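Both complexes below contain subunit A, partnered by subunit B and then by subunit C.
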Partner chain A sequence: MTDVSSKIREEARKLLKNGEVDVIIGFEKGSIPFSATPCFVRNEADTDKLIWNEYCGNNLARYLSEVRGKAGIIAKGCDTRAIVELIKEKQIQRERISIIGVPCEGMLDRKRIMMSCQRKDKTGIEDQDGQLLTRGDSLNTAVKKDEFLYPACHVCTNRNPVMYDVLIGNTIEERKTDDFADVTEFDEKHSEERWAYITDEIGRCIRCYACRNACPLCYCKECFVDSTQPQWVGKTTEQSDTLSFHIMRSIHLAGRCIECGACERACPVLVDIRILNRKMSADVKNLFGYKTGLDIDQPAPLSIFKPDDSEEFMLDV
Partner chain B sequence: MDYKSIRKSEITEFLDNLIKEYVIFAPIEKDDIVLYGRIKSGNEVILDYSNSVNSPKEAVIPQLETLISCKTDKDITCVKEHLDEQEQFLLFGARPCDARSLLFLDKVFSDEECKDIYYVNRRNAVTIISLGCTLPQETCFCTTTGGGPFSTDGSDLLFIDIGDSYIVQIITEKGAELVEKLDLRKTQDDELTGMDMLIKKSRASIEPEIELDKLKDKLDRSFEGSAWEILAEKCLSCGICTYLCPACHCFDIVDEERKCEVERIRLWDSCQFPHFTMQTSGFNPRPTYKERYRQRIMHKFSYCIDNYGMVGCVGCGRCVTQCPVNLDIRQVLTSFYGK
Partner chain C sequence: MGKIDTNWEPRIIAFLCNWCSYAGADLAGVGRMQYPANVRVIRVPCSGRISPFFILSSLQNGADGVLVSGCHPGDCHYLTGNYSARRKFALLKSQLEHIGIEKERVQFTWVSASEGGKFAEVINRVTETVRALGPAKKLVKKCL
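Entry: the complex of A and B
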């Protein structure tokens, strides 16, 4: 058991014992290799289940608006950014949650780890003393864990929780400011190339809505895509319908997406259209000088009006 | 049981010959993931794979299917049924669990009293060549649900990997006819001995062992229990488990306007979606995660036994591998079974 896990258990026990919370939302060991799974702990004895490792990739803030009672939550940087937005949007109340913050050096992509040895020339992969070793017919090869970091973790600039009641361990060094190099690169591509990328990715979409359901900010009681009266979006897996869903979701998250990558992590067919949300974030930053999920007192740019707001979209008369 | 053999190096040619007669669906690798899809040439197929992300059910119950279309022209409304003559097609390299799932789907869509003509039309055109599992994954549990890594249920031919060659086990008439058209070599006795060892080893590696009728009994008594709420607490209510499941078959029917026609389309639907049971009155009998998750388990492991005499799960493990929150159906089943 790691030091972090034991400290998490200790804090969770305290919160439950003192009656400060009714439930702790954290992670326990998963049932398959390279996994951790969300768990809900309601009594002190069960706090021993809680763990922390590089497979705790789910954004647990997703559960906060649904859980009953006061909740304690084990939160990474991105989870806390989601909490900030949820408080701002009045989905949860700050005083009803206790945040056990954990600095995070990035989470590993279980599916890509498993995929790296799904073909039979490699028979397995193991985590040995912090190093990943693939087993094969010929040689055991060491793979750097960083190679399996989730894409969102590569550009994360909030590896430390932005808000917490207790912090486990010490803060870690943040990466330099996000310069949205990926967005610039994508913008510079020819429109046909951009279109080809997006349509190719969403061509695999099976409309299972795991992206939406894993998203901490997609909490609408009825999603526009589920509505039948009226039916805003067609329900088929044809390009126009699938694309409508993804683009509308992305726009709905403009200035709200905290770029945790939960959507991409949940996708069973590895659709990666984070670039849409990244583009939204870049636009919101450029137009309003705003980054989501940092400060509960800073109003969300798309829910207020300022006389000097950018009005580039206005037509000159 | 009849056997033939084929060298691995001859597989591409084998498929290229068949492609002249059949539309072939097989496992292919695209953008790092293995998906079941239509191939144009034998060399696209990969057979050293564990299992595909999607299931081959798409071949018999496509995610999107036009049933009828209507068009009004000068006050005359024409209704066209989209039940075209079906090309013969081949599911090649499907895992035995997936082949077995078609027997289950047959019970749903091709029952004596109630036949779904669209399904039957496609199903009659399918020949299945499955590939036995010498190396089951950690998430496989086919033996739990009545199958096995070399189960012949649902397959016309079963390929068994014995190193440089595959042994071809001939299971049905359809399979025998197909083999006759091809020039396959005779299987050696020592190949068969090796095969038996492989089968035993593979079977022994799969867990858990559950007596399904006992499980059903316990599930039936659990309906009102508190366990479901706790089990489903982390569920995201997405459709991954149902859409990737080779046995899940629920659908929705919608009318869409396309190209000046109205098409009546059948689409996959999922019992995990809140709107699945939404009634026109606005009442939803399965409003929360608890009722929806319970429905999925009860349907598969209780109601299907009542209705079809077979569980609605073949133990392929896709829902285990792909669940974004690792809600493991095996743990759910053992949690009831153990009580």
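Entry: the complex of A and C
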């Protein structure tokens, strides 16, 4: 990983030196264990703080529409898919950004690592050769890092950047196509069971909107939850309001969500937000044959139609 | 279990497009066709005007069922409004079913200006299915 970090620094330095970009968006070391924090590098000297490891989970495309001038971005597969969608939606211009692509084998869930061992005699967790060692007085367990992959990374089919100017390292093997087995499995349950699971998950939501703020595609200047005239959704944490918020958010992201899982990573109360977004992605694939974030020239599925779209869902009178 | 409210009548919100379904409802009225009085009609310019928000708000604020009806494909007054709406509604309906809300609560159909009979039949069908489901409880707001 350090090798990748040094190559990233080199590329970043080159871009800043040649004046090709005004700012590099990347990661620096986080202030807590097992973390990396997004950072903005504006001069050559600071490029040394750029790092790359398996805790660089944030979707950096989030910041692209907000920075002024030309930007360089260190981008994983999911980040580049977000960039494709943002270009398509005319939020950023391709000429304005330089993409330093990095193939990614999946990011690790810091929160789950920290919670993995609740024993009082735990003294620390160490990262050693692809394993995480939990140490303590009478404790010495090793867990493979893969166990802590984010759920979104488990089903990722774009581990290599889909669009880049420079690629760091070699491309890695992609998974087979995503068959949305998790969605099918969930939908086979009884409706009351689904309702119980979803209300239990969404019921924890405290309406902090961290999911919305972390999402690269939630760029609206005024979000529907902030609108007061009309007030679409109540502002309470009552089940009805939180559910409506999450349903509407998933509908707004239907055909746009690139499934990076940034919403879920940002959630302070660990709500399974992807359960709704995955369903929309599955439907968009099955009904409209579309996968987000791959092709700039392919129009968004909800902006077009086919005369023979499925009418299976409609009332048959 | 409380006592079953025998006086309960389903409340159904119907979003009808101005050019076809609303005229169809009008025709049903002019033709003196009988259909249940459980439906509250809201006239909208086009089925494409209907946002998923309208449907969710209805369910939140005490509707037991929602019906959306527009022009048949190819007949839209604005040419393609109903085609775009169809994609949107397919996703909304599927998502509501996914989270465990009874799928019969939200219904979509096409009724043209000449289909007064079909309109009456649609209202009959929707009212009966919603009556069989009982009062909507899942998305209703407890405090307003």
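Heads up, the rule we're going with is that the second predicted complex is superposed on the first by the 299 of 317 C-alpha atoms of A that agree within 3 Å, B and C clash if a C-alpha of one lies under 4 Å from a C-alpha of the other, contacts with A are read in each partner's own complex, and residues count from 1 in each chain.
Here is the rule we use: a residue touches a chain if its C-beta (ideal position, glycine included) is under 8 Å from a C-beta of that chain, and two chains touch if they have at least 3 such contacts.
As the structure is a computational prediction, the values presented were derived from the model and not from experiment.
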Quick one: classify A:Lys144 as touching subunit B (first), subunit C (second), both or neither.
neither
Can A:Leu302 be said to touch subunit B (first), subunit C (second), both, or neither?
second
Check whether A:Val284 is in contact with subunit B, with subunit C, with both or with neither, and answer first, second, both or neither.
second
Would you sort A:Ser191 into first (subunit B), second (subunit C), both or neither based on which partner it touches?
second
Return first, second, both or neither, reflecting whether A:Gly234 touches subunit B, subunit C, both chains, or no partner chain.
both
So in the superposed three-chain picture, is A:Lys90 touching just subunit B, just subunit C, both, or none of them (first/second/both/neither)?
neither
Contact-wise, after the overlay, does A:Lys176 reach subunit B, subunit C, both or neither (first, second, both, neither)?
neither
Counting only touches as set out at the top, which of subunit B and subunit C does A:Ile247 meet: first, second, both, neither?
second
Subunit B and subunit C footprints on subunit A, overlapping residues:
234, 236, 238
In the complex, go through subunit A and note every residue touching subunit B.
30-33, 35-40, 58, 62-63, 112, 114-115, 118-121, 123, 204, 206-210, 212-214, 226, 228, 234-238, 265-266, 268-270
Can you list the subunit A residues touching subunit C in their complex?
186-187, 191-196, 198, 224, 232, 234, 236, 238, 240-241, 243-244, 247-248, 250-251, 254, 276, 279-280, 283-284, 287-288, 301-303, 305, 307, 309-311, 313-315, 317
Seen from subunit B, its contact residues with subunit A in the complex are 31-35, 46, 48-50, 53-54, 63-64, 135, 138-139, 230, 233-234, 236-240, 242-244, 252, 254, 256, 265, 267, 270, 273-275, 278, 320-322, 324-328, 330-331
Touch list for subunit C against partner subunit A, complex:
52-53, 56-57, 60, 73-74, 80, 83-84, 86-102, 107-110, 118, 121-122, 125-126, 138-143
